[in-house]
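Heads up, the next two complexes both have chain A, just with different partners, chain B and then chain C.
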Partner chain A sequence: MSALLTVDDLHVAFRTRRRPARVVNGLSFELHPGRTLAVVGESGSGKSVSSLALLGLLPGTADVRGSATFDGAELIGRSEEELRRIRGAGIGVVFQDPMTSLNPVLTIERQIGEALRAHEKVSDDGVRSRAAELLTEVGIPDAAGRLRAYPHQLSGGMRQRVMIAIALAGNPKVLIADEATTALDVTVQAQILELIERLQDEHGMGVVWITHDLGVVAGIADHVVVMYAGRCVEEGAVGELFGRPAHPYTRGLLGALPVVDDPRPARERDELVTMPGLPPDPAALPPGCAFHPRCPVRADARCATEPPQLAPVPGSAAEHRAATFYAEEVAR
Partner chain B sequence: MSDVLVRASGLQVRFGPVRAVDGVDLEVRRGETLGLVGESGCGKSTLGNALLRLVEPTDGLVEFDGLDVTAAGRRELRALRRRTAMIFQDPYASLDPRRTVAESIGEPLAIHGLHKGRAARRARVGELMEVVGLNPDHGARYPHEFSGGQRQRVGIARALAGEPEFVVCDEPIASLDVSVQAQVVNLLVRLQREFGLTYLFVSHDLAAVRQVADRVAVMYLGRVVELGAGTSVSGTPAHPYTEALVSAVPVPDPTRERTRQRIVLSGDVPSPADPPSGCRFRTRCPKAFEACPDHDPVLQPTGPEQAAACHLHGVTDR
Partner chain C sequence: MTRYALRRLAQSVAVLLGVSVLVFAIMQLVPGDPIRAALGQQADPETYQALRDRAGLDDPVPVQFVTWIGNAAVGDFGVSFRSGETVLSLILERVPATLSLAVAAIIVALLIAIPLGTLSALNPRKPVDWFASLSSQAGLSVPDFWLGIMLILVFAGTLGWLPSAGYVPLTEDPVEWARHLILPAITAGVSSGAILTRFVRSSVLESLGQDHVRTARAKGMRARDVLTWHVLRNALVPLVTVGGVQLAYLLSGVVVVEYVFAWPGLGQLAFQAVESRDYPVLQGAVLLFAVIFLLVNLVVDLAYARLDPRITYRSAR
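Let's turn to the complex of A and B:
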């Protein structure tokens, strides 16, 4: 099956007064129809910037290199006009904070209507009925009444549903969810996860789920890309990546998480696994492996000079790859 | 010496029509970590603030070590303040950006007249920085020169300066990255064991609460709806809200996460200015029945070290 979205050797650097900040440094991935790809990383790992880059939503200070193709069409280097057409009809996006993505002074109907009109000529009545349909589809009760509401009259969960309705307006083949549930309470997050899963089944969309939350990833992803310092340090099918993480950073992240269904009382639990230090400054990336200054497993002369490339993890399926010299030792 | 350090009885905090905390009875035992978990707007932070009288309760009683906090005058309150402390979510907002971190950490010492004299104070600040894992040579730096995790360590050092007995940790890891959260959680646990601290750990993150708390209180719309040992509250929840909350917390294991029974609640949390009659959770409760709209449930024992405010365990009324 051919990929819907292919990102190949994507680089993003921001020009600053000093050295350029190299935020994405050679990212590649493929998204297939009906599948969910999770891009995981901490603040500054480049996960959100990558998605903004392929949507053409970065400011002029960003230098974007590499390739990203959607349905065979190149996205990088396109004009604003062309990108808008591709984005609207092919790629829907849901961001973290619906309050800043929605216009506070326009009704919900106007905002969904804008998205509908961007793709086709529709009458006012047509907009109203299609917008109400979309609201119903994303699980908003009394859709006709809610069309007249302003964003502040809705709860956080409802606003995120409206964002999803707007993203669906163009019948996208790809949905990019960038920390789409991060600002929500867990019970509301559960509602939104269920909703997106249902929509994905019904529409066969490919979903790129960008998140810092490995718990969410465990529940929804087919394939996972772990980012650190702008690179993919490990990728694989969700079961293998969680089951036998091969990169010390992935293993560290998983160990750092407290687990709600661990039956032991707090006082009998082990300390959480910690990684010393902080992610590097993108304007001053360490030579060699960018993770080596924090690596709890091994950090030898080779790590400090030679950047490890993504390579198949011994004993795993071919798509499980890690950028470390010690995959075998870590994955065990 | 009673084993209860802090006690709230019938505690109520209203902001105009909003009933942020609406009749809470709660005890924090000496040396324990009591986790207080709930979603946005449930009143958990207000409750934490009210226990320290950082907001004025509109009704009810708070006692600290047998002393009536709600009735304390200025002088008594100051004495109480030295014995208590607060760690905030966003240390950047709670630290003065124009002061060096040593000045911020040392301020409580000056206020409470501890470690008098410049040299003694400097030594104590250095000691505190070391205790929380900061380099004491960095005392002359300003908050913006530190990362989020380091700033949280500064906030913790400042909280510890007066050698408090009781510390309210209000979402102390919510704004940190996962790898840094783990560092701060481990630090808080280590400090508690080292100094015999009593914690109220307020968080929306049940997994984090379970990692640190001996007992857990679950709040919904201004009320404590379940209270018990951490193992029981998350292992065998007695309140349908707790059950839904536990099931909604994602587990970082694809096999478990995909086979767990997830209870997805319908609807939104009602307004705390106009809570539903009877049980406040009934409008979203998958198990609601006839008794729920008419009777306002009280916390009642459901097992050893566990209590829930739910009519499924026998109809009660406040």
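Let's turn to the complex of A and C:
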């Protein structure tokens, strides 16, 4: 099956007054129709920037290099008008904070209508009925009544459903959910996850799920890309990556995750592992492996000079790859 | 909303009362004899005394105040010491001229500020931005009277395209009204325009950075529609407040501009009243300015609720 969205060696750097901030440094991944790809990483690891780069939504200070093909056509370097046609219609995005991602002074109908009108001529009545349909589809009761509402009159979960309705309006083949559940209550998170999974099945969309929440990833993803300092440090099928993490960073992330159904009484449980240190400054990336200053495994002279490339993890399926010299030792 | 408006009006009355006390007190503190000023030093003592009696100037100050405020409440602001006309008719006579100038000036200001401020916000640290900030700096620093005189020299003098001064009522001759209005409106509008340009720039910049603008672009909307409906539409909300203050300022008479262009507006009326110690006129004019400010602010606040659905007005209990 050919990929719907292929990102190949994507680089994004922001021009600053001092050195350029290299936020994405050679990211590659593939997304197939109907599949869910999770992109995981800490804040500042370049996950959101990569998705915005695909759609040409970064500010003018960003230099984007590399390649990204959607439906066989190159995205990087396309004209604004060509990208505009792809935004919404080819690739839809749901952003993090539904409080600020909707325009507070326009009605829900208007904001969904804009997404409909951006790609085809629709009459006012057509917009109204299609918008109501979309709201019903994303599980908003009394859709017709809600059309006249303003965002502040809806709850956070409702607003995120509206965002999803907007993203669906253009019938995209790819849906990018950029921290789409991060700002929501846990119960609402679960509803939104379920909703997106259902819509994915119904529409056969490929979903790129950008998150720092590994719990979410375990529940929905087929394939996972772990990002650190703008690079993929490990990728693989979700079961394999969670079962045998091969990169020290992935292992660290998983160690920082509480085990909910741990049968032991609270005081006997393992303490959550926290990873020491902070992600590196993108304007001053460490030489060699960007993770080596924080790496608990080795961090030897080779790590400090030679950047490890993604390589198949010994003993795993071929698609499980990690960018570390010590995959075997870590995965065990 | 109606209840809110009514409550605001009631509050305004209290503010106006305060303003009148202040105005009245200041008049009392200003040295000089208004009747003497009106009649001249050689006036005959009987006429002088008669006028003083008629104006009640020998009554105790609180009595004078109560009399004045009581009359003012029913629309009688007294009689000018200088001309003998009623203050109300003097003011009403000036309203069309002032209204024409203020509205034209605010239009000039907005025509400068919205395009220039938006362009400079869209191109930060580019030549357009430098040009905008330079010209708004210039617009703020250039004194009105100098700009007025320069415009007269060029457009009325050298080029001879426009009249140099004076006012023609709209009802008399619309074309001449407009021709006479252009130079004073530009003169008065430039400094407001300069202030508003900076405001529009920062408001649009803020608006541009909002998440919902990114959403709008991600929908695939055309850049022009995003700019109109998500950037400018939202930037407009705070602009209404600042624009309202500018309009109120222009409505209460731009004294210098009116002076330069011999424009018979309220500013000129107030200025002449100060010169001749024509207290009733000055008091009436200042009270009117206060009313204008209060009304414009009320309208601005009500407009806010129309522009931003998150704002609703309920009367507090």
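We adopt the following convention: the second predicted complex is superposed on the first by the 332 of 332 C-alpha atoms of A that agree within 3 Å, B and C clash if a C-alpha of one lies under 4 Å from a C-alpha of the other, contacts with A are read in each partner's own complex, and residues count from 1 in each chain.
Keep in mind that, in the parts below, a contact is a pair of C-beta atoms (placed from the backbone, for glycine too) under 8 Å apart; a residue touches a chain by one contact, two chains touch by 3 or more.
Since this is a predicted model, take the numbers as computed values, not measurements.
Asker: What does the overlay on chain A give for chain B and chain C, a clash or a fit?
Answerer: fit
Asker: Applying the touch criterion given at the start, work out whether A:A118 contacts chain B, chain C, both or neither, answering first, second, both or neither.
Answerer: second
Asker: Between chain B (first) and chain C (second), which, if any, makes contact with A:L254: first, second, both or neither?
Answerer: first
Asker: Using the superposition on chain A described above, determine whether A:L147 touches chain B (first), chain C (second), both, or neither.
Answerer: A:L147 sits against neither chain B nor chain C.
Asker: For the overlaid complexes, name the partner, chain B or chain C, with more touching residues on chain A.
Answerer: On the superposition, B touches more of the residues of chain A.
Asker: Contact-wise, after the overlay, does A:I86 reach chain B, chain C, both or neither (first, second, both, neither)?
Answerer: second
Asker: Looking at the overlay, does A:P265 come into contact with chain B only (first), chain C only (second), both, or neither?
Answerer: It touches chain B, and chain C stays clear.
Asker: Kindly classify A:T187 by the partners it touches after superposition: chain B alone (first), chain C alone (second), both, or neither?
Answerer: First partner only, chain B.
Asker: I'd like to know which partner A:C295 touches here: chain B for first, chain C for second, both or neither.
Answerer: After superposing on A, A:C295 lies clear of both chain B and chain C.
Asker: Please give the least Cα distance, whole angstrom, that chain B and chain C reach in the superposed model.
Answerer: Taking the overlay as described at the top, chain B lies 13 Å from chain C at its nearest C-alpha.
Asker: I'd like to check the shared interface: which positions of chain A are touched by both chain B and chain C across the two complexes?
Answerer: The answer is that chain A has no such residue.
Asker: Once bound in the complex, which stretches of chain A touch chain B?
Answerer: Interface residues on chain A, with respect to chain B: 42-43, 155-158, 185-191, 194, 212-219, 238-239, 242-243, 252-267, 269, 271-275, 278-279.
Asker: Which stretch or stretches of chain B touch chain A in the complex?
Answerer: 33, 39-40, 147, 149, 177-183, 185-186, 189, 204, 206-208, 210-214, 229-231, 234-235, 244-258, 260, 262, 264-265, 268-269
Asker: Could you pull out which chain C residues touch chain A in their complex?
Answerer: Listed in rising order, the residues of chain C that touch chain A are 210-212, 214-223, 225, 229-230, 233-234, 237, 307-310.
Asker: Over in the complex, which chain A residues touch chain C? Could you list them?
Answerer: Answer in residue numbers: 52, 55, 57, 80, 84-89, 92-93, 95, 97, 100-106, 114-115, 118-119, 150, 152, 163, 166-167, 169-170.
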